[in-house]
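All remarks here apply to the structure that follows.
When the chains are written out, they are named A, B, C and D in that same order, and each has its own residue count from 1.
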Amino acid sequence: MVRVPMLKGERTDRIEALSDGVFAIVLTLLVLQFTVPDVPANRAGTELAGALADQLALLFSYLLSFFVVGIYWIVHHNLFRQIDRHDRLLLYLNLVFLLAVSFLPFPTELLGVYSTRLTWTLYALNVSLVGLVLTTLWWYADRRGFTIDAIDERTGALITLRGLIPPAVFLLSIGVAAVNLSVAFYVPFLILPLQAFWVRRYQSSEPRPEAE
Amino acid sequence: MVRVPMLKGERTDRIEALSDGVFAIVLTLLVLQFTVPDVPANRAGTELAGALADQLALLFSYLLSFFVVGIYWIVHHNLFRQIDRHDRLLLYLNLVFLLAVSFLPFPTELLGVYSTRLTWTLYALNVSLVGLVLTTLWWYADRRGFTIDAIDERTGALITLRGLIPPAVFLLSIGVAAVNLSVAFYVPFLILPLQAFWVRRYQSSEPRPEAE
Amino acid sequence: MVRVPMLKGERTDRIEALSDGVFAIVLTLLVLQFTVPDVPANRAGTELAGALADQLALLFSYLLSFFVVGIYWIVHHNLFRQIDRHDRLLLYLNLVFLLAVSFLPFPTELLGVYSTRLTWTLYALNVSLVGLVLTTLWWYADRRGFTIDAIDERTGALITLRGLIPPAVFLLSIGVAAVNLSVAFYVPFLILPLQAFWVRRYQSSEPRPEAE
Amino acid sequence: MVRVPMLKGERTDRIEALSDGVFAIVLTLLVLQFTVPDVPANRAGTELAGALADQLALLFSYLLSFFVVGIYWIVHHNLFRQIDRHDRLLLYLNLVFLLAVSFLPFPTELLGVYSTRLTWTLYALNVSLVGLVLTTLWWYADRRGFTIDAIDERTGALITLRGLIPPAVFLLSIGVAAVNLSVAFYVPFLILPLQAFWVRRYQSSEPRPEAE
């Protein structure tokens, strides 16, 4: 039988190259939402400061998105250090992940300009999607055995579940925004302590085969 | 005789690096067509949703282009895993391919803003060009023996012909658009079943030298 | 003595990565000069074609720049396959080269919008700068012995002189534009035959040590 | 105990790939601040030159930023040739470095449009941040032993201190700008002689263990 190339591969370097490109561009495009204010040249000395201060609101969503994208680059970087094979579905999952990442500049600017329940909801949905798709990708790669040998079953599951915490927290923040929008902005800070707590609890409940 | 470097090369890694860069940027630029609506700040809570809904039409062409570009990245990725040498003409063919890919954001936005026969025709022509040039590139690389040894003649031809299906379907959709524009948008969904059918039919008609 | 890292290096892969990034972005940014025309939605069917036709003038400078940048990527790609070491000055020369390449989208759009002697002069100066800097870089790398062993002195000089032809032709076209602007646009087509003629003449005048 | 992947790594190639991507995009985006002037087509021959001359002020901040970013790419390139391992904190430090680099196009354009004390202060603060974060990153990598073996303690300290000179000079220029803005623009030219002086002084005060 003619074996049509099966889109299975031994290496993931071009997946990483495309992803690094998208990450780098998204990180850099975020700054484009800031615009040089239009004040009369002869009054720039006095009026420019005020005009720039009006854009301070953009800074919160800019920094949040920069670190969300940056941290997901770190997570992607680490997951793909564990993944050394791929199939066609993994390529598609990575593409959907990049779709979610590359869409983020739009809700970021939206949130920077209008701080409403709607813009936070769109923003949090987008960030949740980023996390959910990457966790799905990892779960799939782990289940199909595309990971390097060093990853045992328990560690694979731990990483999967840890990866669900950020999307869960962002989805929670949408509910919080329905009650109090200002509080919702602080909900994402729950992510790091929750992940640390989860990893600790998981480790302490471990079977410990050699001990006893 | 002085041998001027002949632009022949043993590796294709910088071709892939340039291409990955163009793909990553095109994927990320597509989002720039969405713009933050301009509504009065004090009415953002009520009017923003409507203003955003006006941009939903952009979402169809955005998603279509994202996956067209993404899938052609996958195809390019797979073809170049089979290609391990190049000459000057292959570099030029890849350049024309990148020209067609990098032009796509313009007809994409055009189609998102105006859903007319003209915009669909321009869009479908651009996508067809992407597919035709990449198939030409593959056919040339295959014919010149730039592929790795594992590719036999029959498989090379199969890949060439399979690659002609997407441009053929998009060109067909231009004819359909002349009759009924709404139907034309669904014509591209024919691509995957047609490709599967083609591969199956090709395999079943195979000479089978060992059997019998 | 403390030896401060001397910015001398054995590999050029990150130079190529940065350059490929700049090339990929410039190739992709060129399309941003095309803008979706603003016609009333209900008359898009009839008026859009005319509005798009107004942008056809942009297509000449777009295609010219795409191929200028693309061909300089090919030349850069080939020169760096011969260069395997670098020093600080080579890094700076490559930076000035990237400055000239990344500036090109501005004169390209300028030329697309206004076809005047001034815009052609700016455009041709920019393209000449790209070629002059890259040739200087090659000449410097060749003279400092940063090239791989296979390059003999005569071939090095041949490449240097061949590289001066495109900037010379573009500078010539500025003079032609002062007389007749329309003719100037065709002057760059002299580059390929002149280069072929030069390579042939150089080879025929060769010392031929073994013969006779 | 389940060992959660510790974000420690043996290689830094994807860090470099992401960083090269950000550098390449920032270098290329800088040109976007130049805009094609809007003059009547029939008077383009006479009025365009004047309209373009109005943008000459942008050229100073454009070139300054291009070389600041380019030189920091060279520095990053050289530091990472000495770094061959990383941990989570190093990834975060590199992210903050990329944040500072990718923000630079905004103060660059601001400075190009308005030459005031405020815009120079914002610009110089941004450039200082770039230098401070990269020096912190190097100092951290050196202290944690992530560098290749060839780097002795004294050389590590020399590189750290040399890296503090550019941010110090840019911070100094903010003070100068408070007195005389035009002079402040020339203060950065102090960087190269100060660094050369520092390296020379450091080397001459060296212990010289073998001599005597």
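Please note the rule applied: a residue touches a chain if its C-beta (ideal position, glycine included) is under 8 Å from a C-beta of that chain, and two chains touch if they have at least 3 such contacts.
As the structure is a prediction and not an experimental result, all values here were calculated from the model.
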Are the interface residues of subunit C and subunit D largely the same numbers on each copy, more than half shared, or largely different? different
Identity of the chain that, by mean CA position, is farthest from subunit D: B
Could you report, rounded to a multiple of 5°, the rotation needed to superpose subunit A's C-alpha atoms on subunit B? 90
What is the distance in Å between the mean C-alpha positions of subunit C and subunit D? 27
So the centre of each chain is just the mean of its C-alpha atoms; given that, what is the distance between subunit A and subunit C in Å? 38
Shared interface positions of subunit B, touching two or more other chains: 17, 20-21, 24-25, 29
Can you name the residues of subunit C that touch subunit D in the complex? 1-5, 7, 9, 14-15, 17-18, 20-22, 24-26, 29, 88, 91-92, 95, 98-99, 102-103, 105-106, 109-110, 113-114, 116-119
Can you tell me which positions in subunit B touch subunit A when the two form their complex? 16-17, 20-21, 23-25, 27-32, 34, 36, 39, 41, 44-45, 48-49, 52, 63, 66-67, 70-71, 73-74, 77-78, 81-82, 152, 154-155, 158-159, 162, 199, 202-203, 206
